[in-house]
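Handing you this structure, nothing more for now.
Going in written order, the chains are labelled A, B, C, D, E and F, and every chain counts its residues from 1.
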Amino acid sequence: MKLKSLLIILIVLFNIGTVFAGDEPPTVMSNSEAIAEVQTHADYLWTLIAAILVFFMQAGFALVETGFTRAKNAINILMKNLMDFSIGSLAFWAVGFGLMFGVSKTGWIGTSGFFLSDFTPGGDPWVLVFWIFQCVFAATAATIVSGAMAERTNFIGYLCYSVIITAVVYPIFGSWAWGSLFNGSGWLEGLGFIDFAGSTVVHSIGGWAALAGAIVLGPRLGKYGKNGSIRPILGHNIPLAGLGVFILWVGWFGFNAGSTTAATTDIAMIAVNTNLAAAAGAVLAMITSWIKFGKPEVGMSLNGALAGLVGITAGCANVSPTSAIIIGAVAGVLVVLSVLFFEKIKIDDPVGAVSVHGVNGAWGTLAAGIFNMGGTSGSIIGVQLLGIGAAFVWSFCMSFILFKVVDKVVTLRVSPEEEMEGLDFSEHGGNAYPDFETYSQN
Amino acid sequence: MKLKSLLIILIVLFNIGTVFAGDEPPTVMSNSEAIAEVQTHADYLWTLIAAILVFFMQAGFALVETGFTRAKNAINILMKNLMDFSIGSLAFWAVGFGLMFGVSKTGWIGTSGFFLSDFTPGGDPWVLVFWIFQCVFAATAATIVSGAMAERTNFIGYLCYSVIITAVVYPIFGSWAWGSLFNGSGWLEGLGFIDFAGSTVVHSIGGWAALAGAIVLGPRLGKYGKNGSIRPILGHNIPLAGLGVFILWVGWFGFNAGSTTAATTDIAMIAVNTNLAAAAGAVLAMITSWIKFGKPEVGMSLNGALAGLVGITAGCANVSPTSAIIIGAVAGVLVVLSVLFFEKIKIDDPVGAVSVHGVNGAWGTLAAGIFNMGGTSGSIIGVQLLGIGAAFVWSFCMSFILFKVVDKVVTLRVSPEEEMEGLDFSEHGGNAYPDFETYSQN
Amino acid sequence: MKLKSLLIILIVLFNIGTVFAGDEPPTVMSNSEAIAEVQTHADYLWTLIAAILVFFMQAGFALVETGFTRAKNAINILMKNLMDFSIGSLAFWAVGFGLMFGVSKTGWIGTSGFFLSDFTPGGDPWVLVFWIFQCVFAATAATIVSGAMAERTNFIGYLCYSVIITAVVYPIFGSWAWGSLFNGSGWLEGLGFIDFAGSTVVHSIGGWAALAGAIVLGPRLGKYGKNGSIRPILGHNIPLAGLGVFILWVGWFGFNAGSTTAATTDIAMIAVNTNLAAAAGAVLAMITSWIKFGKPEVGMSLNGALAGLVGITAGCANVSPTSAIIIGAVAGVLVVLSVLFFEKIKIDDPVGAVSVHGVNGAWGTLAAGIFNMGGTSGSIIGVQLLGIGAAFVWSFCMSFILFKVVDKVVTLRVSPEEEMEGLDFSEHGGNAYPDFETYSQN
Amino acid sequence: MKKIEVIIKPFKLDEVKAALNEIGVAGMTVSEVKGFGRQKGHKEIYRGAEYEVDFIPKIKIELVIEASRADQVLEVISKNAKTGKIGDGKIFMLPVEDAIRIRTGERGKEAI
Amino acid sequence: MKKIEVIIKPFKLDEVKAALNEIGVAGMTVSEVKGFGRQKGHKEIYRGAEYEVDFIPKIKIELVIEASRADQVLEVISKNAKTGKIGDGKIFMLPVEDAIRIRTGERGKEAI
Amino acid sequence: MKKIEVIIKPFKLDEVKAALNEIGVAGMTVSEVKGFGRQKGHKEIYRGAEYEVDFIPKIKIELVIEASRADQVLEVISKNAKTGKIGDGKIFMLPVEDAIRIRTGERGKEAI
């Protein structure tokens, strides 16, 4: 009897062999393993696809920055965007990833996994797909800075800084908040800090570094009149800037929904929140500009969409769609006021990077606490504020010092003659639009 | 004996526990559930990725419309494209989705699910990923209109219309044809109407609204000479228009193949059909323009690709690849003849939106019946024609009335002076290309 | 007893029925099949998504080529890129796919599967998703050629050639190296030739055809002074070229990681290698240009990224990330030297297609042998060299003959007057930038 | 011979050109210029800063004619370039001492 | 009446314009030109080939004034366009025989 | 002093410039213009409507020289700008009353 019933089971189980030709017949256990494997494949897929989308944001940043600055600096902007990603990738491979996700005894810094040493040929490649997703994030933080420092920064000075932010400044803060996503464990995440996709970790870190850069550099020639009046320096190609914003919006779906690094149903709400916040940000920024200037201004509207995206980044996975609209709407208003504020206090940020990424990164992080679907509390808000403050202090101070050092060593700003002629010629010997008749503002 | 055999089964089944450490050991049943779950994850992935691709089409539309119009209206086009998506997203969230996919007792209109109320935190997020896919579709219908109304429409008038098409006009028709994809049930789908991805539901609806808009507005100043002669108004940036078409083609893979809203093997044929129809459309439009004008014209060739894409949208899942080539080829010829026809009868459609989306949407819907792989019949064709007609009547009439009302309330067209100066300045106080020497045609 | 134990099994197994409502209850066997099915769905997803990414590269090529040439030829470049893809898709559908992947008795040419005849409605659609992935690859090989032949080629002559490369030249070589991916079996793959994603099969084939085209055409008017001095002809829109490179980089993730045509964990290392090689290529090309010209030149830096990408294409799945960096770095140096070399020997390749795709395709194929993670050997290197040589001989000779024939039949080069006026006008009766004041270099 | 330099509103070019052609003046050279004068520019906004675009786009027509035709030409231009609104532009007449048609080497009246 | 043609460095335009306005000269016509002269261009690189961009972007101002104001205008322009470095540019004065304001038909001094 | 205004075909600029440099004339000002004349434009197509582009892109060279050099300069330009085909362009000579080099304040012949 025993034998017979066993036989039956075996027949039932072994008969399935056709699917895996030549392999062992499947069992409940092998099936279960196979299911996990397929899920793993889906996780890899989604993480890689999201990383590709985030990589695409590099093109978006390049276009927004190019479009919002003058024709005579277009090549320079492009080179900065190409190189902060390229050198940054290598820096993050060699150093950054280890500092951010390596084993961290203190919670303050990672100490292993440099040069992708966590991967051995033939071993588990998860570290690789995780690395590429994190690498494009690191590059995002770096590239934010280039916008605020546009049109006057020495190329080699920029490269120096760019390596350091990707290799050190961003990863160390990252290890505090996100280290445990891999081998690390950060003090800030230990406190329950909520920053799902990086309003603070990526955007504020980039934004405050941008602020330091803009301050150390000073405003572009001609930005302020003799009497201190603000003189606009117009972006030279608004359609490119607009395309850049659409591309960033596309990429942000990967940025936020990809931060699951897993193919789960959570991506649905994250994507909806991302979209609604961006939409609300664009609309409210347009309305704000309409009220303030009498006409719906395109630069502000575009920045409003980005502000909404930055704002929802922290809380995209833990706030409701309705809250996402509110968060985006506030971001849209905030970005306009913030741009005007920085203009007024004579900090010249050609593309509004500080307002979009710094200020709205902070707002988004706070909002993730306030609108938490699971309820909020003083302590949640407190930890969010602590994270926001830590990011400001760390990024602004480190960057400020670094820019000062770079300035001493290789000089940070080009000469006035070079600035007047344009960085395309002075830094790269090139001309972005040789077939077009172009003017030079200022 | 009984006990022993049970034991054996249990041993076999329980032994698999290693995969889900700490969890219950897998069973055939839990495996089956897990499989369904992984498939669900894949469905979410694909639906979201497709939605992202369709979102990217917004950039494509913005570029095509910008490229095919004059430099002095580039900011305006961009703002219209940014805002019809942004405001449209909010309108579709609040109202449109409910009208389209809510419970529909009569088959004529949905009545539930406003403000995404079908989603409760912690509940099944399917509605969310479905919503975002449908939201980018709604925005596509809306954005089609902006091209036909380019270069002369009052911005605020456009915004008003744009909200209404996304909130009301598109969703109500959508509920007739697609309501049952969620909670609704439409009268048209009940009859067996075939429109897999929206040749009619999205493109014709948008195209006929565009026709109404172009008629109510009248042609641009200078479009027709005193003697009624047609005077070309040249698009100012053909490379941007070309990029736009490539982006639209990219996005259309999401549009058509994503309309499965499931990760199935069906996506293969849909994608192949989409690509072949677009290719055939481009080639045939080029040849047609070559024959008619003596040279292969770029504007027509680009529109030909789009016409092929619109044409295959309805039948992409139920016609063979060979049929797809035929459908695309006819669309390529049709779009050239249609553009010339509308020019001749003095309906000024700067980008050819009516011909691409309206006319070829109708053709594609008819073709989906004619080339149906399962065979065709008089009744299939009849229902297709009914759907085509219903879309024309509904969209054209509703839009015509709406444009007239908007015209009364906020005026629909800018003044001749504003039109001459360009909408970038008059509506937005801006200049898209301040570093370039630009002319103003007309 | 027997009955009872059977009953128990049945109860255990049948109880799971809830998942597939109304279906048979799951069994271990049905589960196993279901798992394979979900994996298949994931494979389709990834293959299609990768194909979409590769399709997007068409936009990248169009932009790079447009940006690196003169304003007066922008429409022409666009038309060539649109049409080599469109006509190419149809040619690959009718002929190319069969020659490449059809049954091949000799290992030299495929002989079945023309007109997608491997697909029958209702049958297994794998051939379709495989086809679309291969179709966008074929188009890539074709489109490479247009860059090297830019600004002086007769449009109809280009179209003729373009059809033949996609229908015959590329597929036949492809059948030697990749035929066994479907129904074929090539002699070269039989020897163990490593070219995972096509450094040789796609890029060198395209690059050497480009070389033949540039030689047959001769340099552009004004490219060389009377005394033989090299005169630069500047690309007219560097931001567009830069955007093109970013888009190509995006698409290349699909190109390389998608060549698994399966959702596996292998995609992780492939993507990391792709990214690191591109980054290293850009950085080293920049440094090389800096050393050689005194300034970091943008054209070379952009080409460096592409060279890195071409270089890693063959070995992306069988070299380590560290090797990928080395491969990319060498490619970055190589591309600069190669561009200068071809300029010097008076082969005028406006965008550097020969250096990027031909030379670095060869380098990448060699490197895939040298840096093979599983170890290398004289015979591995030998086979790689054989493949490299075969590609050169086949593609260069075939293309050279073809261009000569086309030249005889429809003429390959426009008249000097047409070249001076620009191909946009002479070939297409158009003007890419009518609202801008443009100059005409030369 | 006289050189006539005309500054007009851009959208008047076609009309002026047609009218000149009618009286047999077919040769002229045209360029885009920026005009400053009584007609004021307009305010634009860029990211919150308002600024005055103080120039007005204008078209400059240069044509050299026989002295004897000057009056007729001036009249035709005046009439056809006029809208009556501020900013219509100016006509200036300068003396020309010699003219050459490069193609033929003809000089003086023959050259124009 | 005299026509004054001025070639200056682009960034001097605002200053010169303001100074002219101050002395009551508000009408002028401005265009972008390329200058060749003592001031040398610079070398650029494109894909490894170095080339000389030998022209320098300059601004041309044209204004017609009453003969009596010529000296003052010349002086004001000279002063405000000057940097003292090579390439500052030139002023040329040409005779003008007639002027018409298109809007009103006024001629001569009244027209400018 | 004389002002020489030359309208030529764009691709002739390099040749003319080089020839002028050879005879010691290095200063000149160049701009892009649109020419109308005997040489006819061409037809283009845009979405099915054919239209005439009736202007031809031309280059205008302006240079002021001492009166004594006029003949030589005219000859050199004529020779080097000539293709013999229609549309080669024109040379006009106008009187100049004064010239100033802004940098130094030099006047007259010294200034050019």
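The rule we apply is simple: a contact is a pair of C-beta atoms (placed from the backbone, for glycine too) under 8 Å apart; a residue touches a chain by one contact, two chains touch by 3 or more.
Not measured: the values here are computed from a predicted model.
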(request) Please identify each chain that touches chain A as well as chain F. (result) B, C, D, E
(request) Kindly list the shared contact partners of chain A and chain E, in label order. (result) C, D
(request) For the pairs C-E and C-F, output the one whose chains share more C-beta pairs in contact. (result) C-E
(message) Rounded to a whole Å, what is the gap between the Cα centroids of chain B and chain F?
(response) 54
(request) Could you please state the distance in Å, as a whole number, between where the Cα atoms of chain A are centred and where those of chain B are centred? (result) 30
(message) I need the residues of chain F touching at least two other chains; which ones are they?
(response) 31-32, 45-46, 50, 94-95
(message) Using the touch definition from the top, which residues of chain A touch two or more other chains?
(response) 1, 5, 9, 13, 27-28, 30-31, 35, 38, 42, 45, 49, 234-235, 237, 293-295, 297, 299, 429-431, 433, 436-437, 439-440
(message) On the basis of the stated criterion, which chains touch which? Give every pair.
(response) A-B, A-C, A-D, A-E, B-C, B-D, B-F, C-E, C-F, D-E, D-F, E-F
(request) Spell out the part of chain D that touches chain F in their complex, as residue ranges. (result) 3, 17, 26-31, 62, 64, 94-103, 105, 111-112
(request) Would you mind writing out the residues of chain A in touch with chain D in their complex? (result) 230-232, 234-235, 289, 292-295, 297, 299-300, 336, 339-340, 343, 352
(request) Using the touch rule from the top, collect the residues of chain F that touch chain C in their complex. (result) 10-11, 32, 42-46, 50, 53, 57
(request) Going by the contact rule at the top, pick out the chain C residues touching chain F in the complex. (result) 420, 425, 428-431, 437, 439-440, 442
(request) Within their complex, state which residues of chain C touch chain A. (result) 1-2, 5-6, 9, 13, 27-29, 31-33, 35-36, 38-39, 42, 45-46, 49, 53, 70-72, 234-239, 242-243, 245-247, 249-250, 253-254, 257, 263-269, 271-272, 275-276, 278-280, 282-283, 286, 293-299, 301-302, 305, 320-322, 325, 373, 433, 436-441
